[in-house]
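Each chain carries a letter (A, B, C, D, E and F) given by its place in the written order, and its residues are counted from 1.
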Amino acid sequence: MVGVTDLVTFGETMLRLSPPRGERLETTEALDVQAGGAESNVAVGAARLGADAVWFSKLPDSPLGRRVIGELRSHGVRTGVAWADPETSRLGTYYLEHGGEPRGTNVIYDRADAAITTVTPAELPTGALESADYFHTTGITPALSDRTAETTTTLLRAAGEAGVTRSFDLNYRAKLWDPETARAAYEELFEHVDTLFVPRRDAREVLDREGDAVEIAHGLASAFDFETVVVTRGTEGAVALRDGEIYEQGVFEADTHDAIGTGDAFVAGYLAKRLDGGEIGDALEWAAAAAALKRTVDGDLAVITPGDVESVVDGPGGIDR
Amino acid sequence: MVGVTDLVTFGETMLRLSPPRGERLETTEALDVQAGGAESNVAVGAARLGADAVWFSKLPDSPLGRRVIGELRSHGVRTGVAWADPETSRLGTYYLEHGGEPRGTNVIYDRADAAITTVTPAELPTGALESADYFHTTGITPALSDRTAETTTTLLRAAGEAGVTRSFDLNYRAKLWDPETARAAYEELFEHVDTLFVPRRDAREVLDREGDAVEIAHGLASAFDFETVVVTRGTEGAVALRDGEIYEQGVFEADTHDAIGTGDAFVAGYLAKRLDGGEIGDALEWAAAAAALKRTVDGDLAVITPGDVESVVDGPGGIDR
Amino acid sequence: MVGVTDLVTFGETMLRLSPPRGERLETTEALDVQAGGAESNVAVGAARLGADAVWFSKLPDSPLGRRVIGELRSHGVRTGVAWADPETSRLGTYYLEHGGEPRGTNVIYDRADAAITTVTPAELPTGALESADYFHTTGITPALSDRTAETTTTLLRAAGEAGVTRSFDLNYRAKLWDPETARAAYEELFEHVDTLFVPRRDAREVLDREGDAVEIAHGLASAFDFETVVVTRGTEGAVALRDGEIYEQGVFEADTHDAIGTGDAFVAGYLAKRLDGGEIGDALEWAAAAAALKRTVDGDLAVITPGDVESVVDGPGGIDR
Amino acid sequence: MVGVTDLVTFGETMLRLSPPRGERLETTEALDVQAGGAESNVAVGAARLGADAVWFSKLPDSPLGRRVIGELRSHGVRTGVAWADPETSRLGTYYLEHGGEPRGTNVIYDRADAAITTVTPAELPTGALESADYFHTTGITPALSDRTAETTTTLLRAAGEAGVTRSFDLNYRAKLWDPETARAAYEELFEHVDTLFVPRRDAREVLDREGDAVEIAHGLASAFDFETVVVTRGTEGAVALRDGEIYEQGVFEADTHDAIGTGDAFVAGYLAKRLDGGEIGDALEWAAAAAALKRTVDGDLAVITPGDVESVVDGPGGIDR
Amino acid sequence: MVGVTDLVTFGETMLRLSPPRGERLETTEALDVQAGGAESNVAVGAARLGADAVWFSKLPDSPLGRRVIGELRSHGVRTGVAWADPETSRLGTYYLEHGGEPRGTNVIYDRADAAITTVTPAELPTGALESADYFHTTGITPALSDRTAETTTTLLRAAGEAGVTRSFDLNYRAKLWDPETARAAYEELFEHVDTLFVPRRDAREVLDREGDAVEIAHGLASAFDFETVVVTRGTEGAVALRDGEIYEQGVFEADTHDAIGTGDAFVAGYLAKRLDGGEIGDALEWAAAAAALKRTVDGDLAVITPGDVESVVDGPGGIDR
Amino acid sequence: MVGVTDLVTFGETMLRLSPPRGERLETTEALDVQAGGAESNVAVGAARLGADAVWFSKLPDSPLGRRVIGELRSHGVRTGVAWADPETSRLGTYYLEHGGEPRGTNVIYDRADAAITTVTPAELPTGALESADYFHTTGITPALSDRTAETTTTLLRAAGEAGVTRSFDLNYRAKLWDPETARAAYEELFEHVDTLFVPRRDAREVLDREGDAVEIAHGLASAFDFETVVVTRGTEGAVALRDGEIYEQGVFEADTHDAIGTGDAFVAGYLAKRLDGGEIGDALEWAAAAAALKRTVDGDLAVITPGDVESVVDGPGGIDR
């Protein structure tokens, strides 16, 4: 873990296994393999857009664990990974079946007892964290195990003590916990969070917030003293609140090839622009552009470049704000 | 042929050979292989939706014939198949070239002299037929050969004598016979049919019926004494007539990946729900949902589950009726 | 579970995930998917060679569990499966990386806590067991969990009480338990076993037997009162002992495309021939032929026919005995 | 070069290398390979629609050069090719990355110093040219090198002297030259051109023309004495001017699978119909139909038939004019 | 049919459909597609090695028929094809399953009633035949139908009258006729044959010849007055007899990827060298080299070049003679 | 370029484009894409075996250039790359056609004027060089252009001045220069080389050395004052000379899937072991094991691990020395 670090993310990465378009898991004879996980997705997106990003996690010391590392590294992410005994640990997987209307996309998680569920702060190169500008994790990580919940809190606290801006994407997963348990856990973590990303729907259904996106942003900011709150609302775009000021950002139209990872690309675009000195409004625009571009690419990862983002932001397809 | 049987279907299944999307038969170097045939498509769809289905046919006793059996069995269909000498018989094939507008989808049949053209009732395990609730065949089968026409009549008659409900999908194929010949053959069979499925267009152009779908249903029911008539009308949905009552069903929107087999999925959904005790209206809704789901899946077969159908019927995408 | 049953097998089936030849798990972007498990491999092989085979197991009620069922059914195996809650259970997987010399083939199991680890006899259609001629399981099943060990014992005992011949393939897996633990467990089970299949190496290293294959066979038969003992010894062929008589069988030469499942194909060939009334010597010859044929086919399963086996046995390639 | 020749085209053909849909050049592990080049695209399209077409070019005498020849010949094009020393010459390539909105399709040319850049008239079988009805080239060819510019002029002049109708598609490529240089080169060539194809946008931005498509056609015709001018204007269709008469043609709707080569298919449709004795209006309709059909097919080449075109022209999807 | 013609071949070409290596027809989900037929294989091989070759046949006027034409043309073969009504004719297919020992390679023909079975000389451009140096067909063609037998005789007779050397490869196919019927047909044709290619085994089993290859060659030459007899004997190489002189040729070692078409490549190499003025001995060496090279390439066709053949003949791998 | 560096390599990396096995470049429709270049192959192999490796080069700032970077980074190599203007520079490619005997493997280079041909030392992060233990390049790099020859000399000199061990693999490429020119260039470079790798054949044919491998090693060492000379001799293994002592190493048997990159894997294994403190004999053994393992893996790169190497060295397959 040598070198300048802009961003540290922490979380689980799984093997993503998906059949060809038009085929179902029940009958497929082939699966595409990719690495996927909210926090590494953000690290990859941000790294590709110019950030020096490090990803913290725990993996089995096996070809599968090394496969994850290799794929992330190919996008320029450095990795600060604790290695688990391959005989007694496993890599989580998830099966992704793309489906058009009215079938929808189906996800089957097989992530129980993944190596990361035993991760402790002592296993991670926390030195890199201290020199970073941003630390990012999501609401998935504390849901994985008591241990990851503890480690998440420890890392957020350490980041705060080191003056690192702490970013948190709510990312509520109904398959991991129920709304009440999740809310209680979130609210304990919120005291360590500076920048919150939250979908309007989760704000309402999990955090029990009311009103439109602007009201939700104000409510959350005053309740938990966030520096910045970004509320996303699907095709209606996003709203950010910072220092009492509201920023609005529309959605860039996209031919969706693969919607998975769109939210992570949004966060990555935001963080990359902020790390590059951009204002909130510019960061939101990068976020929206990165999210739209992600949709055109297969896989969880935003395989995009700064030039791609600039073309969208500057281009005729841009939605004015 | 042991066990409870809900549904027996009878007809030809071919190897379906199709190039990748965007490629043409003239230049392709690879073909996807699947089993496809109207009556086995119905058996598969119904079996996947809960029916105990048996498919009657005749196949060459070769790897190709066994391939058909294997694929159908994988979906839970039991098979009552007469085996033909592989040296002197063949399996029909059809080439399917997907094409977007303005090119359209192109089908080339190579089905002449397939093994099924020599099938006799004595070769089939007709015992299974007698204990079934439904017998289903289509207007394709009698068009294949004089022998299949005779066997179709014999099986329909036997089913009627055993008190089995006889279902018939008109499925007019202009490449097999002309409208006049077809109409004459259909009309002879109609006396052995209880439930008729017919597209509005074929009712008009082949059966010489006039009026809208409701008028067609009434006309056919009174002319041939059908218990139930279901008239489909493309994107406008379907109409059923039974006991003088009309039932209407809209279409569920679908991102069409592969339209082949949509009509068979419709029949499968209908029969599965009827076999499960559903009313006509519910059966039509299952039919429409199964048809929409089929469109999202590659191949002739409706690789769907009861849960998929229920999601569509209950879901926000459902079209109320 | 209706119908005549020749053979019941009981055990775990996993998804087998393997990269293309020449690619490594660390870098592959695609995985072939197949079902694989010692006992279902035997059921498939035997069913394809003419037996009426049923496979007992427990699977998650998910597309992945249904995928296993579908693949086995396509080969004619009937399935007696307990369904586990898909939210709280999982399907085991294994990653298979083919490699030529000097790299070797590498297997990574991810099977901990698979649904089968909770299976109880009460969940299984044990009626089918009682009417069978053979019951077969392997030394893998009792190693999976205490529960599967108990269930294995219960099923073996029930089979014995019903007069079913009980077949057991030692199949020692060093990744599941150590030799001492395994030996203790095996020896408890042996009182319920009639036909034992054991590799010479495992007989020596796990069962602490000495001598050549013939001596091992005699020793095991007298120690545990087996009706039949088959000792395999790799490229040197197999030896069987029954009623004091020794049968020897050579190996049929094979161009090995995929060696996984060779031992299961051997057992399948043996059982299929025995079920068909064959003598021990003939059964061994079918076993050797099925094993050689399996090596030419991709996947765990012996996708072969009786005709294939007969060609090998009768053919010029046959090794006389 | 024996036989009747309807059409000779002259220009560069490259290997077209493109990753699967949804994948990016930065990460792809596979590339589809096809032959692509404006003038050979026209030759293939016209040959497939009935013309006897010959393509002139220069290729390395290597498997790659022969690959180009083989692919063109498979569509019925005869080739009049100068062979270059494979040790000292190369085949140009281009990388094509398909992308949906907002990413767009990306092309990377690697065509510098291709074998064609050294082609001289003496190396080509110009006899075939003299007996042809049409000679066609594009504004790409003279941009490749001084040598190709000279050879283009020589061939156009020879064609004119032999009474061959000379067709020229402006095809401005900003990656090859700037508008001023291009305009000067074009204007020198225009004295040797009878039929000009020009997009409205290029007419404005490169040729400095003003007004709508009709005004542009009139202006160009009077300035350079063209027999026929065809101005294309994207989704608004095309306009042709000949003998003072204006012909308008709408666009046929298409599900676009691959837009590359659409303009070349347009020219091919036009020339094939003209060569078959069609009037300007009919030729424009064939042009529009061929262009729409091309969009449904993968690759640069219009893998279509006269029957396909007739179906579009006659079909319900036809746009009246 | 314009231009110089060195070689005319006449026979059936089928679609060859083959699953990936290690997969079986019973379970495959994909088939590779290629054109294959003994006489077009020879035409392709000879054309690639420098001959001006024309292939005579009859095909359905469909995408499948055109696919055959396109593939042959891509290798430089010109085609003289009668087109059959696509509604009432079909293209023969054959399924090829590669298998290693002890399984062997399996072929399933589905060629009955192919379009060629109705071909008459009047439908073929026999003018090209008259100016050729060689006419080649095989013992497959007269076995297809009475009509093809008649047409074969007519073409051989016409060739003889025009002074064209007539080459015939016995190519006995047990799936088409029995040895006695075949022998009678062959012996009637032999009076029209100048050069005979015959495997030693067929000479013995079908033609009832005795002795070693040299004795067989002498016997056949004196019995039927052949100008040249070439007897092949598998891995032992070939023997030719001409003007009383015997030529022997060994086999070049090959890593066999696909053995289908080896014999046709042998004939192609022989004819190409003879057409180029080579002596019998040189022609045999080219034959052996072309056959060995073919084995390294997927498909029926010898996708090889004169340079490839020269490398083998001149190379260190060459077997001296 | 931060961090500890064990090894710096310098040279060209190309896109490697190869058709599937059994297909030829002339007819293939798909190409596998990988990064390949002698010096990056060594960097990847060494990095995978534990070294901290940096690769110096120059690439176009395009998706293709970034693709190379991404692939190397995925294996843990850090890159010190000068970026060239994508509009005016190109990435070299090479086409690789695998072929069995007697066809052989064919390589077509398309590398003229690649971006690296303009690289200067000032463009490279030479700081990393100064802190390294080893600098490695090959005889390919100086053959690319005068500029790369100069830069090679400068880097070797700088490395020498910094006390870095300089390793050089002769890697004579007949397609780049003739033996005389190459020898003159090599001999000028040799004064800056500490460790020389040279195939016995090149020592004889290019360097004009005589005798067996041991004599060649002594001759070269005394002529050019090398610290270490490693002479490879194909299947006979390698010989090293250092401090007057001779070390011999046999070859590990391998099932060769892809032989390209075997020599680079040998060097990588040697350097990785030396960097880890291994003696010459151990380094040679690692070299031989890495080379054998490489042969089992597709692509130029040795996708292997230290565990793989140890298994070979310790394993029963090991050849004693």
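One rule holds for everything that comes next: a residue touches a chain if its C-beta (ideal position, glycine included) is under 8 Å from a C-beta of that chain, and two chains touch if they have at least 3 such contacts.
A quick map from chain label to UniProt name: A, B, C, D, E, F = PfkB domain protein.
From a predicted model like this one, the values you see are computed outputs, not experimental measurements.
Listed by label, the chains touching chain D and chain E alike are B, F.
Counting the residue numbers used at the interface between chain A and chain B, under half appear in both copies, so the two copies meet with largely different residues.
Per-chain CA centroids place chain B at a distance of 47 Å from chain D. The distance from the centre of chain C to the centre of chain D, with each centre set as the mean of the Cα atoms, comes to 63 Å.
Chain A and chain C have CA centres that are 44 Å apart. Taken residue by residue, chain F touches two or more other chains at 24, 26-27, 29, 66, 70, 74, whereas all remaining positions touch fewer.
Contact between chains, per the stated criterion, is found for A-B, A-C, A-D, A-F, B-C, B-D, B-E, C-E, C-F, D-E, D-F, E-F. Across the complex, chain B is touched by residues 74, 252-258, 289, 292-293, 295-298, 303, 308, 311-312, 315, 317 of chain D. Within the complex formed with chain E, the residues of chain B that make contact are 17, 24-34, 62-64, 66-67, 70, 86-87, 90-91, 93, 95, 97, 106, 108, 110, 112-113, 175.
Put simply, chain F touches chain A in their complex at residues 2-4, 66, 70-71, 73-76, 305. Listed in rising order, the residues of chain B touching chain D in the complex are 21-24, 26-27, 99-104.
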